[in-house]
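You will see two complexes here that share subunit A, one where it goes with subunit B and one where it goes with subunit C.
And then the complex of A and B:
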């Protein structure tokens, strides 16, 4: 089975392609024709053309290179379609229809037949019961959802158990001008699950981080082991905290819920975990665009006390370490800004100023600091210290995360310049802090054997 | 595989007796109270004399899972200080077993001083999705009310197990609080490691629960232990 056929096809067949607007077979066809490769509408009871492509009666009749079939047909005939795909040498398929394993004994039986057809025909199958996937850079929209071509290309791969949540994250990314390398809704995971998807996107040149939405799988250990094995950073959003058992049999059984095991397991296997889909996107963006942190020690530089305090509070609550800066750094900071408000860590410059970038640079160069978090409200006459940061980010090879506030129309362009440098930006203090918390978790949880114990934190001088 | 596990499997039992469970854990280096399984009230007294008072006398039978609720409350007798008390407790157990028509022995055990340590729960279960897993929490009702537990996918190292104890909200209690002595955190960690290893090495074990594990200043003693097997 080759997941590459599924996620990186040469051509697409839309099985059940329809001329009726609003039908899945129409919407999927409309999305598919955006693809820069051959697209074949397949429907035995249709003739003529749709979106300028001629109908074919069966996937076995296609004269051309097709690796991916989008199955827009009702559940009962899906297994036959997949069997045909196998005969036609089509190695990937998306099954949108529900009514399989999630729908009682009959559905389970149908899913078994489907899996059998897929194994026999060597077809990598996404779904059933999924909304499909997107690879924006390739204009590959293997879905029936509308307006998906608005979602920009980026370097974060979204792999969600629920197709609905996958779209929630992808459209939030669009709203915020962030891109995704891919968005995948796994659905019932008939034979492409988390492990296959994570391994594929680990090897994908467009992907620099993988973010997961997990509701529960039947091989949690396999998922964790895959996350540990891959090179690409993975972040997880695990849902289900309120599923608690009772104490009828034993405490051990009642207290060991799937949620607890995922949370503990992700920590053990080097995967940062988050509490919301927004945090998931932010953590994925931060990990994808900045260098990997060498350790968990954060240096905070703020131009305003209030946001700096909120950030520090949130970072500490998340278990981050804010070590004292070296004497050398403190001397440099005090030379730049004599009588500075507070020059240990966080460094508070009191207000934006021309030398703000130099202060950030001094903290970024500090040997005690692994990750830098900057907060600065936008000030018209000054702008952001983009040039200074451009030089520093190359020199120090540490994550520098930038949070700010200001009029959207004004700051968006300047923030985009910072992002182009590999400096993730956020427009709320807490979102910056949460993204940094994920970097801290990543550093702590990947610091080698027994990472959670070893730490390698610099001690804090209170 | 230990003899007790083999015997239990042959008899298609769903759990080891407490004595068997403790023997299994003791064979892996865990501390357990000095104890003896006997089949008559006179043997119970002899065992108590050898062990030294006070002792605990409990029902020992594969047919009894919840010892303290069994036989109108005669299943567990704590803090017995004389031969007469031991004899009476043993007779009560044998009579109750006769009434219920089950095979039962009596387990005589050195009594523990709960004041001398911190009651901890250490457990492990074979999860269908994750395989062997372990947990630690504070014992007694705290674990039910506060659900202050830490979990790991097993097997794990001692350092990882120490980190689990540090994750507990109740972690400062291990270091001594208001004059109570600090307890042996490492020994608790070793118990967690052992539970994980035993689960990992014995596919037929579904769940292990040591509750309480009494963490003392220089060791941790398994005061009660349950080893459940696959049905």
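And then the complex of A and C:
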């Protein structure tokens, strides 16, 4: 079974392609034709063309290189279609239909037939009961969802048990201007599950972090071991702290109720965990765009005390360590800003000022500091210390996370410049703190011999 | 002392107005001239005009109706300026300078002199050590901060101990398209503190909810009793769970470290509390734009299971009660959607569909339900069920909170239509859940005799 056929196909067949707008077979076809390779609409009862492509009666009749079939047909027909895919040498398929394992005994039987067909035909099968996947850089929109072709290419792969949540995250990525390398809704995980997806995206050159949405799986250990094995950083959003078992089971047929076990497992296997979809995206973005942190010690530099206090409070609650700065750094900071408001850690400059970037640079260079979190409300006429940070980020090779506030119309362009330097940016103080907390978790959970907790003030959460 | 002079002045004096761009006296003047009333630059060592207004040598020389002085002068001069304000009959002042109570014994002495001058002159004094306040609807930008004149008018009053955090929230409000009725950074609270501000905005026709950022105050009981006394809903973001005492004290001279006492106090005095600035804004928006909930019972309707499960998990963790729907409602839902995925509570329609609004309407009409939370990813060609919701929101007079996902360019216009109906909208599933959790807290903490917890499934957190 080759997951590459699924996620990196040469051509696409849309089985059940339809001329009726609003139908899954129409929407999937409309998305598919954005792909740069050949796309074949398959429907035995249709003729002529759709979106300029001629209908084919069966996948076995396609004369061309097709690796991926999007199955837009009702559940009972799906196993036969997958059998045909196997015969046609199509190695990847997405099954959108529900009515399988999540839908009682009859559905379970149908899913068994489906898995058997996929296995016999050597088909990597995403779903059933999924809204598909996207690879924006390849213009590969293997889904019936609408308005997806503006989701930009990025370097975070979203692998979600729920297609709905996958889209919720991908649209947040679009609205934040960060994008995704891929977005996958696993659905019932007939034969492509977390392990297969994580391994594939670990080997994907476009992907620098993998973020997971997990409701539950019958092979938790396999998932965890895969997370530990891969080189790419993984973050997990583990849902199901409360009793939502009935609802979740009706969803993807997965049993939840093992929330604590998963939380402990992720901690043990090196995976930071988060509490919301926004945090998941932010943590993935921070891990994908920053150098990996060598340790859990955070230096905070703020131009406004109030947000700095809120950030510090939240970081400490998440178990971050804010060590004292070295005397050398303190001397530099005091020289730049005599009588500075609060020159320990956090460093509070009181207001944005031309020297703000130099203060950040001094803290970033401090040997006690592994991760830098900066907060600065935008001030017109002054802007962000982009040039100073450009030099320091190359020099120190530590994560520098930048949180700010201001009107989007004014700040977005300058924030994009920081992001281009490998400095993840966030527009609420606590979002910056949460992203750094994920980096701290990553450092603690993947601690090498050099990852000591620095300084006087020590706190350890896991 | 009249806080109205401060927050609703007839005219403004900018004391220390400067012609040098970047100086506080320049930025404050630039903001002040946006005001619809008269604005006077005051500076004994300047002459001519600035922004078309003629310099005056002292506030006592102003020939016009001025109620508010923006003091852009260094700390040591401030008490004399306030004395002059008293003589000139100026009843409100903002003091931007730091170097008072937060800055050691000398500063404390200076602050005492300042308070005495304000008291003798009957001046309502915001600050010192504040970045001021805004009332966007009046084009009243009493601040030196830049890029503030695009913050739109709304109906949430932001009252923050920290000016920096106040701006962080106001800019989020701008970027979310919700706006604020006012934004106030209290700073050192010389004689205008939480109580005075909350009481003022309780009587303000533009304000439908008041959101607080609290680092600590020496009169916690006064704050809490004010919150209970006022009619307008209040929400609090109480910072300082962890030990950030030194840093906070250097900020506004306030002692933190009483986090748990405040949390308990807010619970007892009817004030929902939140954990981030984003949650604070969202909770304030939900309370300002919805009918007040009669009870804590939440009905969830989702078009996608994954986000619905995440929402349910988060609501339950926050202590929300999701009762069973009445049999009547269940019958209606099953008639609309036979064999619906999950027709208890949450109701999961599996996909957006034309009947989605009818399902929401049925749940909203259910007597077991006090608050409705809807999640629906945007689907092109279908849109949101705006017309159906317009009718039901008028009929049921219950909060209906709408969370969604999609590209902003596509969804923002339709979300604004929902907001205009009094349906607060949020673009991440958990943000919808958090806003509803604040409504649940509000209902529980202000429970009248009718606010019983409905149905079988009961959980109580406070």
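Just a few scattered comments:
As a working rule, the second predicted complex is superposed on the first by the 433 of 462 C-alpha atoms of A that agree within 3 Å, B and C clash if a C-alpha of one lies under 4 Å from a C-alpha of the other, contacts with A are read in each partner's own complex, and residues count from 1 in each chain.
Rule of thumb we're sticking to: a contact is a pair of C-beta atoms (placed from the backbone, for glycine too) under 8 Å apart; a residue touches a chain by one contact, two chains touch by 3 or more.
The structure displayed is predicted, hence computed values, not measured ones.
Contact with subunit B, but none with subunit C, is seen for A:260 once the two complexes are overlaid on the shared chain.
Here subunit B and subunit C are compared by how many residues of subunit A each touches, and C touches more. When the two complexes are overlaid on their common chain A, residue A:171 makes contact with subunit C while staying clear of subunit B. Of the two partner chains placed around the shared chain by superposition, subunit C is the only one that A:307 touches, whereas subunit B remains out of contact.
Using the contact criterion defined above for the overlaid structures, shared-chain residue A:219 touches subunit B, although it does not reach subunit C.
Contact with subunit C, but none with subunit B, is seen for A:163 once the two complexes are overlaid on the shared chain.
Once the two complexes are overlaid on the shared chain, A:268 sits against subunit B while remaining clear of subunit C. When the shared chain is aligned, no partner comes close enough to touch A:106: not subunit B, not subunit C.
Residues 244, 247, 250-252 of subunit A lie at the contact with subunit B in one complex and at the contact with subunit C in the other.
By the touch criterion stated above, subunit B contacts subunit A in their complex at residues 121, 123-125, 127-131, 133, 135, 137, 143-144, 147, 149-153, 156-157, 159-160, 162-163, 207-209, 211, 226, 228.
Here subunit A touches subunit B in the complex through residues 216-221, 224, 244, 247, 250-253, 255-256, 258, 260-261, 263-265, 268-269, 449-450, 452-454, going by the rule given at the top. Looking at the complex, you find that subunit C touches subunit A at residues 21-22, 98, 145-147, 150-151, 160-168, 171-172, 174-175, 185, 213, 215, 239-244, 246-248, 250-252, 275-278, 303-310, 312-314, 316-317, 341-342, 344, 346, 348, 350, 377-382, 405-410, 427-431.
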